[in-house]
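Structures incoming, each one as structure tokens.
What follows is a pair of complexes built around subunit A, which joins subunit B in one and subunit C in the other.
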Partner chain A sequence: MVLKAFFPTCCASADSGLLVGRWVPEQSCAVVLAVAHFPFIPIQVKQLLAQVRQDSQVGVAVLGTWCHRRQEPEESLGHFLEGLGAVFPHEPWLRLCRERGGTFWRCEATHRQAPCPPGEDQVMLIFYDQRQVLLSQLHPPAVPPYRHVGADPTSPGGLAAVFHTVARCEALFRSDRFDEGPVRLSHWQSEGVEASILAELAKRASGPICLLLAGLLSLVSAVGACRVFKLWPLSFLGSKLSTCEQLRHRLEHLRLIFSTKKAENPAQLMRKANTVASVLLDVALGLLLLSWLHGRSRIVHLADTLIPVADHVAEELQHLLQWLMGAPAGLKMNRALDQVLGRFFLYHIHLWISYIHLMSPFVEHILWHVGLSACLGLTVALSLLSDIIALLTFHIYCFYVYGARLYRLKIHGLSSLWRLFRGKKWNALRRRVDSCSYDLDQLFIGTLLFTILLFLLPTTALYYLVFTLLRLLVVAVQGLIHLLVDLINSLPLYSLGLRLCRPYRLAAGVKFRVLEHEAGRPLRLLMQINPLPYCRVVHTYRLPSCGCHPQHSWGSLCRRLFSGELIYPWRQRSDKQD
Partner chain B sequence: MEDERSFSDICGGRLALQRRYYSPSCREFCLSCPRLSLRSLTAVTCTVWLAAYGLFSLCENSMILSAAIFITLLGLLGYLHFVKIDQETLLIIDSLGIQMTSSYASGKESTTFIEMGKVKDIVINEAIYMQKVIYYLCILLKDPVEPHGISQVVPVFQSAKPRLDCLIEVYRSCQEILAQQKATSTNP
Partner chain C sequence: MCAQPVTNTKEVKWQKILYERQPFPDNYVDRRFLEELRKNIHARKYQYWAVVFESSVVIQQLCSVCVFVVIWWYMDEGLLAPHWLFGAGLASSLIGYVLFDLIDGGEGRRKSGQTRWADLKSALVFITFTYGFSPVLKTLTESVSTDTIYAMSVFMLLGHLIFFDYGANAAIVSSTLSLNMAIFASVCLASRLPRSLHAFIMVTFAIQIFALWPMLQKKLKACTPRSYVGVTLMFAFSALGGLLSISAVGAILFALLLVSISCLCPFYLIRLQLFKENIHGPWDEAEIKEDLSRFLS
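Presenting the complex of A and B:
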């Protein structure tokens, strides 16, 4: 098998020394982690390695020698480096050498015990960026995240082993370049975190503040869970209003943020960060809306336009009904039924208009208070808007329900009378259609009723059709608002930002590039992080939304519409169906 | 070692296959499609603008003309960035893996790397495409649960669609490396 040597790019300009790293025998690959420089005392290097091995549970060892020829080729150094193989026994012993020109490298692997067979000594040099490999997170994770750290560090196979090794050996990278320790190492150095009093204070204060806020939140949820809210009208309202639903959802989010439990794995940490980003964006947008609403008396404007709009809608509905009561689109309806239905609906609209006029003095105050709710977040304000739309179009909902019930009654009556007409009946016990012999008068009455229902059906169907279309319009508007709320609730903003600014943090895998090559020299490859595509970032880190996916497929929706069953908006709690 | 030969794709268009042998264990195959031709670009643009002008003369709204310009620009950008693939590369490295890169006309590159441990074999497959039967090269991936099963079939050179003679060329080189890999992994 070809021997693969993973070499960090930051060590390429280091002085000559020893290669420190891990040997993975299954894949015959050597992961170089650092270069230890001359001069050193072998015992101290061994001590350091033993300590790192204990910390990281990874078999770190001296893999070979590294020779960087800056000046004239020194013969003495070559002999000295060969002698080091006796001090640090390792199989195989790597000898890596960089020429003075800088572009071409030499790499040899010698086996001490068995003289290697020819053709076995192919070596491939793979350069990797230590920082990116250390910080990146492979998707899907190679090691199951719930495994205990100390228990059994079974290393994953393949290239994930390289990532695993680099990530576990963080202890090796902790020593500083300017440290006057016993062993001088060359590896990736972090630029260090800039110490700031504010950051330090925030770190200290975050613990108690989280505890306090968690207490407050548990108090709020205790109040929410108290028995007054379990009584009939309140619980019913709570389950129907989307605002309550949204508030509950946000409360859950805040509890997740301020929980004092530490996130156990990167996925949980990412989820927490995403939740924080989502809440922050939500509140920021809400505050923007608030400042827009409460500036320059826009509320008064809105209130002044809202009532005429509602009036106008009611008037349009009246016109529509009058049109339906005549001969709509040239259709000839049953005049008596048409008049009855039309008058009934007209009376309803009359009631509605008077209700709105009663409400009109208070609309401004209501709007003002609703506007205040935007400081809880844009999503809450949008949910409130959706609720207000539902309340303001209550008459359309009523018409729709009346029309649907009438239509359903007729369809059911027609279907059972059609069976009677053919001399059959529905057997409820056996759940099937049986043949049955009817009397003559039964058949006569049944057929008569069937004829009457059949001739009255177009009138009802027309009313049903018109009001269903109106209802669908309202449902579509509400559905759009809910989609927007869902988008803000579930968009993983932090992960997306991370993908945008630090693409190597979320890795889908690796990619290789072949570097300049000369015959007779080892092949050199550059390993780069392949970032996760945006769609997969969204798919992986999407926050759970509050169960508002469409209940029906398009086909079942059409079937329900045809048979006259009631259609509710998309947002409906899943537990309500149980 | 590097050489270049020209083949044709399933519709008869020209394709250039570049083979680079870096070392006995590392080979690269690069298939380049012809670039976007000026003639087709001009034809599409003229069609859209003439249609927009026809609509404009009907309803006398200048919004239509500006909309047509924007649609052409956005469509061209989207086509170059997401649809038009200029070059497809297959890099096979012994005992490391197989890498497939497709470079779009705008310079965007999308790369997939499959580790050698997951690769079961490389084969040439037949498929029915529109009204004809075509051949394509594909990588068979091992099922992690069942050692003899195949979990996935990854097609290679999906957008270039070269003919069988080109595929055989690539297939032979890949099989050489795979055989080498099998020989060394069975008796280390």
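Presenting the complex of A and C:
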């Protein structure tokens, strides 16, 4: 049986003493956490261990002895170390020894009691960086690999035990180099916290500030939940405007940030940090945009170009309609219906142009105020832009709806009249097509309508096609904006930064490097942490977004387009909870 | 079983059963097997004139299509004023309506429970809808090529003839589909006429000749076969006369078609009966003769 001993690298040069750590019997491995130096009083060591055990809920014990021979071998020390086994009984008893020069290591594990056969096990020595293991967070693989019976410590279960042990015994490492306790311990130590008045002040002030801001936010959300906003037109507008959605989303973020509850686990802490980073980036980008917009009278330029652009779009639409009213692409259209539809749409455009001209004196002021919203964040400004695009292309939306309704009416009428034409009908109870005997007048009127609808279908379908294409263009632009907003909303910036600067903090697993492998000597390995890949970082720590996911797959989208059902770009509030 | 030697055939008599083990190979049959062979059980003896009489339904339908096309031609050329056609159609419809009740003495009306008020309503629906839609019909196919319309009408009228219910019991027969195709063709053709009044009267005429006329025919054939033969002959000659005024070649071809269907085809059918070899025997699939519906309920 091979026994694994995890040994911190920082203890390799420590003086001789006792090995303090945890024995994991399932993995048959010993995790050494610290070395207690001579001289000590055994009862004090036991008290310290009991205290650590109580704090961390981990079975910390004395695992064996550590002997670092700097000078000539001392026979007395060897005997003394052997005698310690009786004072701190542990199974198996580890004896770790480092010879002079540091190149020669010896390691033995002895069982003293039955039922194990007395003798020595083979010991594998694994060095680990205590600080990295303490700070890192192990991410088990997404798909658990096939695990052998009696798996080696590289398997996730064993590793998780090691990581868990080190992380839980933080209390042991709390004392820094300058502390003078009853027992001298050697382990990884922080360099000592540098006291700063500013940091201390910030720490003290953060509690009340959080409380105050949380109160303010709850006030804002209470106003938002007020009954006036639940009335029909306002609630409808609120659910359709992406700006309102974005504001609601950000409000939730801020409430999460300023909540006075402490984060319970590392995942929640990470989420909070990610939210802070996302909000900060958002506001910074928004302020950048604001300074760009309000400098050098760009707003005026923008307002001056916006109206001609809207006019131009309307003119292009007029040309398109006039083309459709002729013989577009040599298609055989029904002239009378074509003229009626074309005039109807032209009148609409006329209305639209007059509306735009009515609005034109106020556009500059509106833009100026809209520009101010960028200080709430780039995402809010982008959502506003998306809403403005939706409002400015309202005529296209109207055309699309008229075309789609007309087309849908025709398609539905044709499909049911085609069944009548064949002497069949749709049986709603049995959900199938049954044969049916119709009256003479039913047949006559049905066939008459069928003929008329069939010959008018190409005209309607062409109008529907053209306006659907225009609509899809607008939807695609809005979709791009929403995608950008979603990216800013959900990108885990803090986690990515952590992965970039401190790769060991997010561990995917470990790898071992062989330090020494010679017969008659213990195998010595160095454990190094494998960082988490970037895609998994993004996948694991992605913040929940407002749900900009497309509602339909491509196939169902095409089917809906063909049957003339309306396509909405508005994002639906997702019920998915994180 | 096949490997067993056939030694004791004399002792054991072969039985046509499967539920007992017998010392014969699976494909063994007795000499008595072919004794049950029967030939032409269901073959019928046809009388020549009876077949000719039955074929008159086909003749009638062909003539209806022919008369419709001829009338459309006259309207399209402007040789027939729509008022005349409307008057004639109205008069013949009224006569047909009276005849319809007179022939069987109101028996059919009592059975079906159709009231005169319902008849009037149907007629009003026809007239109103056709009149209301006639301007739409007029401009409906303006941009479609005339040849396309002709091709479509020809296909639809052929379909009307194919799917018409001539009294045969077949899966292809669908009187609904056949009537709808005829109406479709008439709407297509009517949209080519010069004015909307023409279109309205054409569609009305199509209803009369494709929907109402076959109903009257069926009743005539069932109640007074002699007068039916007379009506058929008159109708056929008038259709031929109408076609002759348009094109002599077409009239000759149509006459040949009518003669071949009414005289040659029955003759050929009776001749071919002699070659009929329909065998029946124990190998036929089982047929349940008894009425099992009492077990099902």
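One rule holds for everything that comes next: the second predicted complex is superposed on the first by the 534 of 578 C-alpha atoms of A that agree within 3 Å, B and C clash if a C-alpha of one lies under 4 Å from a C-alpha of the other, contacts with A are read in each partner's own complex, and residues count from 1 in each chain.
Assume a contact is a pair of C-beta atoms (placed from the backbone, for glycine too) under 8 Å apart; a residue touches a chain by one contact, two chains touch by 3 or more.
Quick caveat: nothing in here was measured; it's all calculated off a predicted structure.
Because the two structures share subunit A, they can be overlaid on it, and in that overlay subunit B and subunit C fit beside each other without clashing. Ranked by how many residues of subunit A each touches, subunit B and subunit C are led by C.
Contacts of A:Thr451 after superposition: subunit C is touched, whereas subunit B is not reached. When the two complexes are overlaid on their common chain A, residue A:Leu159 makes contact with subunit B while staying clear of subunit C. When the shared chain is aligned, subunit B comes close enough to touch A:Met124, but subunit C does not. Once the two complexes are overlaid on the shared chain, A:Val2 sits against subunit B while remaining clear of subunit C. Using the contact criterion defined above for the overlaid structures, shared-chain residue A:Gly423 touches subunit C, although it does not reach subunit B. Once the two complexes are laid over each other on the shared chain, residue contacts for A:Ala222 go to neither subunit B nor subunit C.
In the superposed model, A:Cys535 makes contact with neither subunit B nor subunit C. In the composite built from the two structures, the nearest CA pair linking subunit B and subunit C is 43 Å apart. Those residues of subunit A whose C-beta lies close enough to touch subunit B in the complex are 1-2, 4, 27-28, 122, 124, 126, 157-159, 509-512, 514, 517, 523, 525, 530.
Those residues of subunit B that touch subunit A in the complex are listed here as 20, 22-26, 28, 91, 93-97, 99, 101, 111-113, 115, 117-118, 184-185, 188. Only residues 122, 125-126, 129-130, 133, 136-137, 139-145, 174-177, 179-180, 183-184, 187-188, 203, 207, 211 of subunit C touch subunit A when the two sit together in their complex.
If you check the complex, the residues on subunit A that touch subunit C are 327, 332-336, 420-423, 437-441, 443-448, 450-452, 455-456.
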